[in-house]
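Each in structure tokens, the structures are laid out below.
Shared chain: subunit A. Partners: subunit B in the first complex, subunit C in the second.
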Partner chain A sequence: MRLLTHNYLQSNVKGTEEGYPLGIVPETVEIDKSPVDRELLLNILPKLNYDAVLQAVEQLRPHCETLPNLPSTLPEDLDDELVNDLYFVLFDVHVKNGCLVCPSTQRKFPIRDGIPNMILHEDEI
Partner chain B sequence: MSDQTDTTPRQPDSNGDRYHLLIEFAHKHLDFQIAELESVLDMHGISLGDDEECRIIALPNANKTKLKTRHGKTVQVHRVKDSGSGAVTSRRPFLILSLPRTSKWIPNNDETQTNNIASIILERCTLVRNVMELWGMGTSIEECAMAAKDWIQNYTLGKLTFSRVSSESWKLTVHTLGAKYTYEEQGVMRSHVSHLGFSGPVQMKDPTNEYVLIHEIELNETGSPLYPRHSPEGKIISENDARPPIACYFARTLCGTRQHKGRGKEQYSLKNRTYLGPTSMDAELSSIMTNLGHCKEGTIAFDPFVGTGSILLSCALRGAFCIGTDIDFRILKGRSKDENIESNFRQFNLPKPELIRSDNSIHHRHFRTTSPMYDAIICDPPYGIRAGARKSGSRLTNPKPVPEDQRHDHIAQTRPYPVSDVMADLLDVAARNLVLGGRLVYIIPSYADFDDECDLPRHECLRIVHICYQPLGSELGRRMVTMEKIGEYDVSKRETHYLVSTWVNGPESAEKCANIREKILENAKLKPGYESKLEIRKQKRKANKEAKRIAKRAAADNFTD
Partner chain C sequence: MDLPSSTADSTTECACQYMTLVPRGLHFAITEWVQQRIPLHQSIWVSESEAYSHDDLTQESTSWRKHSVAVPIGTVHSQTKSDISIGYNSHRAVIWTKPGQHSYMWWQFATAEPASDVPNLRALGPVTALVGSWKLSPFPQRRIATLSEMAEAIHFCLRSDSYRKQQFPSALRIWRQVALSNWKSVSERVRDDSLFVDDLWLASTNTDNPGLKFRISCVRPDDPNYTRRDLIMAVANDLVPSSWTVDLKHYDVEIVLFLKEDDTDPCSHHFAVALALHPYQYLGCHSFSSGIVPPDVAPPYMTLTGIVRLRPSTAQLLLHLVGLKSGAVVLDPCVGIGTIAHECAYLKYVGLGGDIVLTPSLLGPQATTYSASIQNEQQRIAATLIAWDAANLPIRTAVATFGAE
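Then we have the complex of A and B:
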């Protein structure tokens, strides 16, 4: 699971008031460097919830020393370094195992082999 | 000048001096050809239509059939004129695009030109076999040769082109669409164009220019000659041999010679994938889907029924970033570390897709719906043909609560997911999560009783752009439907408008595409002789079983001896 996906995932079991953003409890985190795709980043950037990105980065930091420090708000003009940092955070960091935690109900969604399991149980529909 | 376009290719005034591009299609997925071409051109901002910069002009001997395109403009599709034989007016494998002389899309041999219409088409169109620069055409080789000569002598564009290419190395290929002609006979055809006067050296291997003289004949629905020149024994059938060609073309191939047009499709074939499932989509169809869905670099493609990821893999080959979800964890996980969706992507050095186990019937509960993310949603929804659909939830109205200490590894219950709901949810997810102008491309199978106009699912925010039909038998077929998001999604209308107005004729329409397997079996039962065939098969199975049992016992006896 990349942080891009995390930015869109939410918890919505029956009775949840605010299931976003999900907390990340990582067990294994992998870095898989890929060439920076500026076009893709600029496509996705305006759609992101940036605060959720910042929160996720802080939760992963103990497991991943190479995470960059991102500015608390995004500037109008992005320099190359920030583009690279954002791309790295969103597309190159993979949470392989661990779980996602709903901020409202504390329901845990396991991540195994990089695949988050968001399926709701029959009594949660 | 839509209806005035006649079979004379060019008028010597400045308006008529246009650039003509001859496109040859592979003879398959006939209904998809124009849709794919139009989508690929559209992706680059070239729109196709009678009143546009780029238009389709008539082939010699053409019967025009008007088709509506995306912008409500018409293009003509050419079929063979019924020659009184009662033959099917099958579609011809050629199409001519006409562009004004000044268009920036004309291939001009300038190294600063990064994109031209020929390279765009060749790079992406799965169903295009060859793209050529048309010099002349006519209903006979003589007429065609005259037209070519006229163009290079009397037209600005023709003169320019000829002066540039005539001194380069070249060869001339005769293309007769499957009819066999001896080398001498081809030589006679060649002699008609020999007076054009190329000064460059003839070079059979990798020449700079390949010229093609095409002798077009009528084809049957499988793409073979309708009136074969030779009998199966190899004798010339004189009455067929005497038939004139439907059209002749003289053209120069663009972007390499004809032999180079295999374009390495085989490497993407399903046969070479490490991980496959029973419903994996074949590489050619999914490649067409990526074109209809405008997948390219910098875009995000989503498949809500990802399965083995075969559709997403094609999207990734086009440079799109891929996200896939499925309700079945086993298929997402794959058989092993080297046999899963990720390994298929790794095989082609593509960035791995994002996979999430979630349920498309409640997509909005798994994903936030503010700021839509997907540029394209491309999928083959489950119709219960080879894999029945399930969705989350219990069959009971009041399911037993899961004890909290067992929640951790509880296996969530699922219940059947009727096709009418699968489609209503798919369109709703697309309307809600596509960016404006984003596209939904999906496949829907059906019997002949299915009606495009009133049986296809609808959504207020989506417009149908293309419907392509692929026959799979006399009765059975499947459609590839392309929709485009044209309006913002309004959550308050979800329950009251969107979900209830999906089916114009009610959800019964969905039944027409559900459980096709059962319908095929039902139909088979109605055929004469079904009972006796069934009996034969039964006995064969019994005999097989018996033989196996005997062999097994013999092996066991041998072992004890």
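Then we have the complex of A and C:
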């Protein structure tokens, strides 16, 4: 699971008041470098919740020493270094195993082989 | 097209044109493709394109006729009904269509990109190296009707010096460049320079030279008079040097035959021969590791480890139809093995896909393997897939409603 994907996910458990952003408890984190696409990144940024990105990065940092330090707010103009860091964080960091945690109910959604399982139980719908 | 073919590398000794099949071709998908929408920033040679309705072309005032540019010197026609056609001359292509009617068509093009990058050209259909194309009109009053008549007409094309000494060797050299630079593995035969000499047919008379292995597939509308297999059997011996041997599973070269009736000329067929350039790098199917049957000419369903799946070409057409911009989020709530979500990478969309069957006990492991193969073998970003219930999407609002942004 990439952090890009994590940014879009929330808990839909019945009765959850605030199911976003989901916490990340990683077991296995892998890095898979890919060529930076600046245009793609700049087009994606307006759709992202940047605070959720920052939170996710900090939750992964104990398991991934190479994570860059990101600014608390994004400047209007992004230099190449920041573009590379953001692209790396969003596209190249993969949580292979672990779980996502609802901030409201603490419900855990397992991640196995990179696929988060967001399927609810019958009593959660 | 009679467009001069070229490569970016002027030292390359050979170049060829390419042909791609447009499955269920759609007017606006073709128009976009002609103008600029080949993914991965590949440039195309055609400098202009326009689209007209059939009705426009019958009017004297149509701008096509007003232009000083001469009328098309050639056309590519659609299947059976002339609903999509392309006219071309040395520097211009015109697309015309009858609204509301669609079909598939061939689309030949020349690109300035190196041959090694051609397999990455996708979005419409499998790209093949064009050996040659011909118009078959042996009878002034009628079309070819029987297998023997068709075979004889094709034999005339294939037994020429032009085919054997220029067209086939040239396309084969391009095919070899692509195979050596793009395919995951090739046989020793493909690496053997002695099998790629200029005069392949003369060399094949040397019985010590075993030649390449090949198979043939045929793209053709259904014909009650004879099957595709009948046609292949009737012309196979003239397609390749005699030293080449048939191997349906462990072949080197996939030869694709294209045959269709001419829409505007009731006495003609169009026939083309091309070499498949490993268009989809179909993952998980080991028999395709050294050459691929283009999914659109194969049986209706291709399987990935036993899973029936959406064809990548169809997924690409769907994504083109939506007409999004880079960075758009495409939501597939029932993504299956992930075809649509993975194809988004070619168009710089963010593919967000999930399915209830992507749990570890169902398709999850196979989806993971497929995603890894896309990353490793195709060297492009694979989408992250999610196991979810489409009736209860775990997506935060302001990202996507049901559909694409």
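Here is the rule we use: the second predicted complex is superposed on the first by the 125 of 125 C-alpha atoms of A that agree within 3 Å, B and C clash if a C-alpha of one lies under 4 Å from a C-alpha of the other, contacts with A are read in each partner's own complex, and residues count from 1 in each chain.
Following the convention adopted for this analysis, a contact is a pair of C-beta atoms (placed from the backbone, for glycine too) under 8 Å apart; a residue touches a chain by one contact, two chains touch by 3 or more.
What you are looking at is a predicted structure, and each value in this text was computed from that prediction instead of being measured.
Answer with clash or fit: subunit B and subunit C placed together on subunit A by superposition.
These partners clash in the superposed model.
May I ask you to decide whether A:47 touches subunit B, subunit C, both, or neither, giving the answer as first, second, both or neither?
Both partners, subunit B and subunit C.
Quick one: classify A:4 as touching subunit B (first), subunit C (second), both or neither.
Touch partners of A:4: subunit B and subunit C.
A:113 in the overlay: touching subunit B, subunit C, both, or neither? Say first, second, both or neither.
In the superposition, A:113 contacts both subunit B and subunit C.
Look at A:123 in the shared chain and tell me whether it touches subunit B only, subunit C only, both, or neither; answer first, second, both or neither.
The answer is first: A:123 touches subunit B but not subunit C.
Can A:33 be said to touch subunit B (first), subunit C (second), both, or neither?
In the superposition, A:33 contacts neither subunit B nor subunit C.
Touching subunit B in one complex and subunit C in the other: list those residues of subunit A.
Residues 1-2, 4-5, 8-10, 12, 20, 32, 34, 37, 39-40, 42-44, 47, 49, 91, 112-120, 125 of subunit A touch both subunit B and subunit C.
So in the complex, which bits of subunit B are touching subunit A?
That would be residues 297-300, 321, 323, 327, 329, 332-333, 351-352, 354-359, 362, 365-368, 370-373, 375, 392-394, 396, 399-402, 407-408, 410, 412-413 of subunit B.
Contact residues on subunit C for subunit A in the complex?
325-329, 348, 350, 352, 354, 356, 358-360, 364-365, 367-368, 371, 375, 381, 384-389, 392-396, 398-400, 405
Can you list the subunit A residues touching subunit B in their complex?
It comes out as residues 1-2, 4-5, 8-10, 12, 20, 32, 34, 37, 39-40, 42-44, 46-49, 91, 107-108, 110, 112-123, 125.
Which stretch or stretches of subunit A touch subunit C in the complex?
1-2, 4-5, 8-12, 19-20, 32, 34, 37, 39-44, 47, 49, 91, 112-120, 125
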